[in-house]
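Order of writing sets the labels: A, B, C and D. Residues in every chain begin at 1.
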Amino acid sequence: MGLNKNQIAQRIAKELQDGFYVNLGIGIPTLVANYIPHGIEVVLQSENGLLGMGPFPIAGHEDADLINAGKQTITTLPGSAFFDSAMSFGMIRAGKVHLTVLGAMEVAENGDIANWKVPGKMVKGMGGAMDLVASAKNIIVAMQHTDKAGNSKLLPACHLPITGLHCVKKVVTDLGVFEITKDGFLCTEHAPDVTIEEIKAKTAGKLTIAADCKIMEVA
Amino acid sequence: MGLNKNQIAQRIAKELQDGFYVNLGIGIPTLVANYIPHGIEVVLQSENGLLGMGPFPIAGHEDADLINAGKQTITTLPGSAFFDSAMSFGMIRAGKVHLTVLGAMEVAENGDIANWKVPGKMVKGMGGAMDLVASAKNIIVAMQHTDKAGNSKLLPACHLPITGLHCVKKVVTDLGVFEITKDGFLCTEHAPDVTIEEIKAKTAGKLTIAADCKIMEVA
Amino acid sequence: MGLNKCVKNAEEAIHDIQDGATIMLGGFGLCGIPENSITALVAKGVKNLTCISNNAGVDDFGIGLMLQTKQVKKMISSYVGENAEFERQLLSGELEVELIPQGTLATRCLMAGYGIPFFPTPAGVGTEVADGKDTVVRNGKTYLIEDAFDAEFAIVKAWKGDTYGNLIFKDTARNFNAPMAMAGKTTIAEVEHLVNIGELNPNEIHVPGIYVHRIFEGSNYEKRIEQLTVRN
Amino acid sequence: MGLNKCVKNAEEAIHDIQDGATIMLGGFGLCGIPENSITALVAKGVKNLTCISNNAGVDDFGIGLMLQTKQVKKMISSYVGENAEFERQLLSGELEVELIPQGTLATRCLMAGYGIPFFPTPAGVGTEVADGKDTVVRNGKTYLIEDAFDAEFAIVKAWKGDTYGNLIFKDTARNFNAPMAMAGKTTIAEVEHLVNIGELNPNEIHVPGIYVHRIFEGSNYEKRIEQLTVRN
């Protein structure tokens, strides 16, 4: 069966460390904020100009001047700071953000990522994705293991237009956790009810199963 | 006799135009602030991070956190804004300052300026002078026409280490007003009691006397 | 007096924007967009504009209004979704679009305001964004060389401003408004609250008035919310 | 907790600064200098420091104190007057000095904080500052290529700060403190008023805490005035 989106987010949340500044992309990455482990503090960076993104506002308290990078109304938290878009990408480029989580259409076994453009479809733009992937020290991709047609999204090389080169450190999919190593994808965890055989069948890129590959712990 | 320092400053103040943002260097340039013509408004930029430099404080009201580029205690004015040193030189580099007035040891007939270093003497540094002369659109030099030994400071070429190339637009000295043209110094005004002969004798660089060269009006 | 940057309204502020002009427009999505100035640009009917703006509005608000009236020749943006008319014009070839990374967009504005004509950024290396651009390697990392923008006009929206043009933004509406305000050869600021000099704390100013050429107090701000999301 | 950047005092803040370190020190003249940290550096007796600071203090205050104790190997500054011991060490060859234009100094800090490894500036073209540097011509104007700083430590002084390291500066004491705070691999901030999170207005923060690694409330600020000038 594999994990649902919330479970993927829950697994990625375990990568958070106390004191991390974190940028969460749109989609599954946003859900990671719901699973921040107890006992640690992290600050969410929204690249439109906020450190310390809080939860959605209570109905009636929304403010058009206070949105996140997905254009959703949000709130601040104690310790928040606002800044402009140039400083926002300045801190991203300078490597001050510890962890970036984003979605992808394809990830290559060398860490290349494609997530902004599908030939033949209306191109909406890369937004901040190219800046994030080119600058972040630690990038985790959250995505489904295969596309709707069942094709693997973990590939020997990206087919779609590239967003960034050699940047992804880890991929968490509905099937498992995959580190990018110099030998390609290293499966370190697999989802409950998902067999290694299924992972092998659905991974087009070079795949190694870790000797201590374990079952993902998700609720 | 020539002009005194206050008269040089007074003459330069006539170059101010309504709405100008102005950077005044240390020495005679600072005195220009005392002669802003009635009926015009200018904003003084202090490159340590202030637009809208006001007068010195009343005794007892000085604030160690509020100084000018000469490290003197100052005040703000209504409409002042503080910023950091990077933005300060950003606005200078971007040409937002309309007029820069600074002192010099030597000015060459092509507009080169030397004002930061004398070989054999302790070098204190260029401070913001190289940024200002390299960026400002309109640079006026305020200085004595000759050095203490009587040598001309308006030269065919600078002998001292250069601060900036081809940047000075006008020089106001105790003897007169000199525009930098492609034909060298053009004397457009001379001080009362100063003869054209004296100016010629004390100007080592190529000098032309304007056909309509007139007597400087100073109090 | 020369330091009073006040103009009566948006119409006067944009009076000299001509057909074919390049205009920066502040805002992120619909957050912090210069609503009054956009309305005035639509009313003026100026054509063939090149608009530098992170987004292109929605069909019936923001830059979308200028797309409806076909005033835009080219958009330079990082993300242009949420706009059917935009898509139609793009597919039909009526509209030219240059997509650039969001951080590159913001930094090209900032650098214009800082008088730095180009800068290296790793964003876009190895992608089609790199096509035709110079690259340079520093400490083993590759960078693209990107140019500062050179725009005749920047139109921004601030929360408060004084008659000298000093600006304070509110919350995430600062976004591109601050760097664009610094980047325009002529910068027009519309503000929710125009105050006299002396009423803003000089420590709290985000963009000093030296960067701002015209300012007016806007009216009837709709401040539309693109994605209303509330807590369960 | 991980986001609480508080340390007890200057001694703890600088505990891991070792002989030979490169340190940025904020301030302009004696305005906004990190007094407590300088005192702690003198007490620790760390040697062979490279100090990046716009000025070098006066004989008996600021970085001058570290010159008296001969802790500084090299100064990178724009202006170093007003200091007899500095002059003596320079002339005797004990002290190395690199003079760079003030705007270049500030921008080399900013660019470090923005992850931009180099930038072009017209400052210093045609002067000895240009020696050995690459130049580039854009639109007929020549620029020097200058590198962003790469400093292990930045030590700055702010007016207010919270436990997350968000900083607010006062008046012209912002100067180099803001860009240096952004530039340090480890940034130490001493503040006059340390407050809890939630006490600073997020719109008024000059340097967000993401750039700051250690913060403490200083004590006994002398805030010496270098040129006391008053109205007649």
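Everything below uses one rule, namely that a residue touches a chain if its C-beta (ideal position, glycine included) is under 8 Å from a C-beta of that chain, and two chains touch if they have at least 3 such contacts.
Note that the coordinates shown come from a computational prediction; the quantities given were computed from them, not determined experimentally.
Engineer: Enter the minimum step count from subunit C to subunit D; a value of 1 means the two chains touch.
Structural biologist: Graph distance in the chain contact network comes out at 1.
Engineer: Which of the two pairs, B-C or B-D, is linked by more C-beta contacts?
Structural biologist: Greater number of contacting C-beta pairs: B-D.
Engineer: On a C-alpha centroid basis, what's the spacing between subunit A and subunit D, in Å?
Structural biologist: Centres of subunit A and subunit D (C-alpha means) sit 36 Å apart.
Engineer: What's the distance between the Cα centroids of subunit A and subunit C, rounded to whole Å?
Structural biologist: Taking the average C-alpha coordinate of subunit A and of subunit C, the gap between them is 29 Å.
Engineer: What are the residues of subunit A that contact at least two other chains?
Structural biologist: Each of 50, 76, 82-83, 86, 89-90, 92-93, 135 in subunit A touches at least two other chains.
Engineer: Indicate the residues of subunit C shared as contacts by at least two other chains.
Structural biologist: Subunit C, residues with two or more chain partners: 107, 114-116, 121-122, 169-171, 202-203.
Engineer: Which pairs of chains touch one another in this structure?
Structural biologist: A-C, A-D, B-C, B-D, C-D
Engineer: State the interface residues of subunit B toward subunit D in the complex, per the touch definition above.
Structural biologist: It comes out as residues 46-50, 55-59, 62-68, 70-74, 76, 82-86, 88-90, 92-93, 112, 122-131, 134-135, 161-165.
Engineer: Touching residues of subunit D toward subunit A in the complex: what are they?
Structural biologist: 1-3, 112-116, 162-164, 166, 182, 196-198, 202-203, 205, 208-211
Engineer: Which residues of subunit D touch subunit B in the complex?
Structural biologist: Subunit D reaches subunit B through residues 28-32, 54, 77-81, 87, 90-91, 99, 101-107, 109-110, 121-129, 159, 169-179, 206, 223-231.
Engineer: Sort out for me which residues of subunit A touch subunit D in the complex.
Structural biologist: 17-21, 40-43, 45, 50-52, 76, 78-83, 86-87, 89-97, 135
Engineer: Please name which positions on subunit D make contact with subunit C in the complex.
Structural biologist: These residues of subunit D touch subunit C: 107, 114-122, 138-139, 141, 143, 168-171, 202-204.
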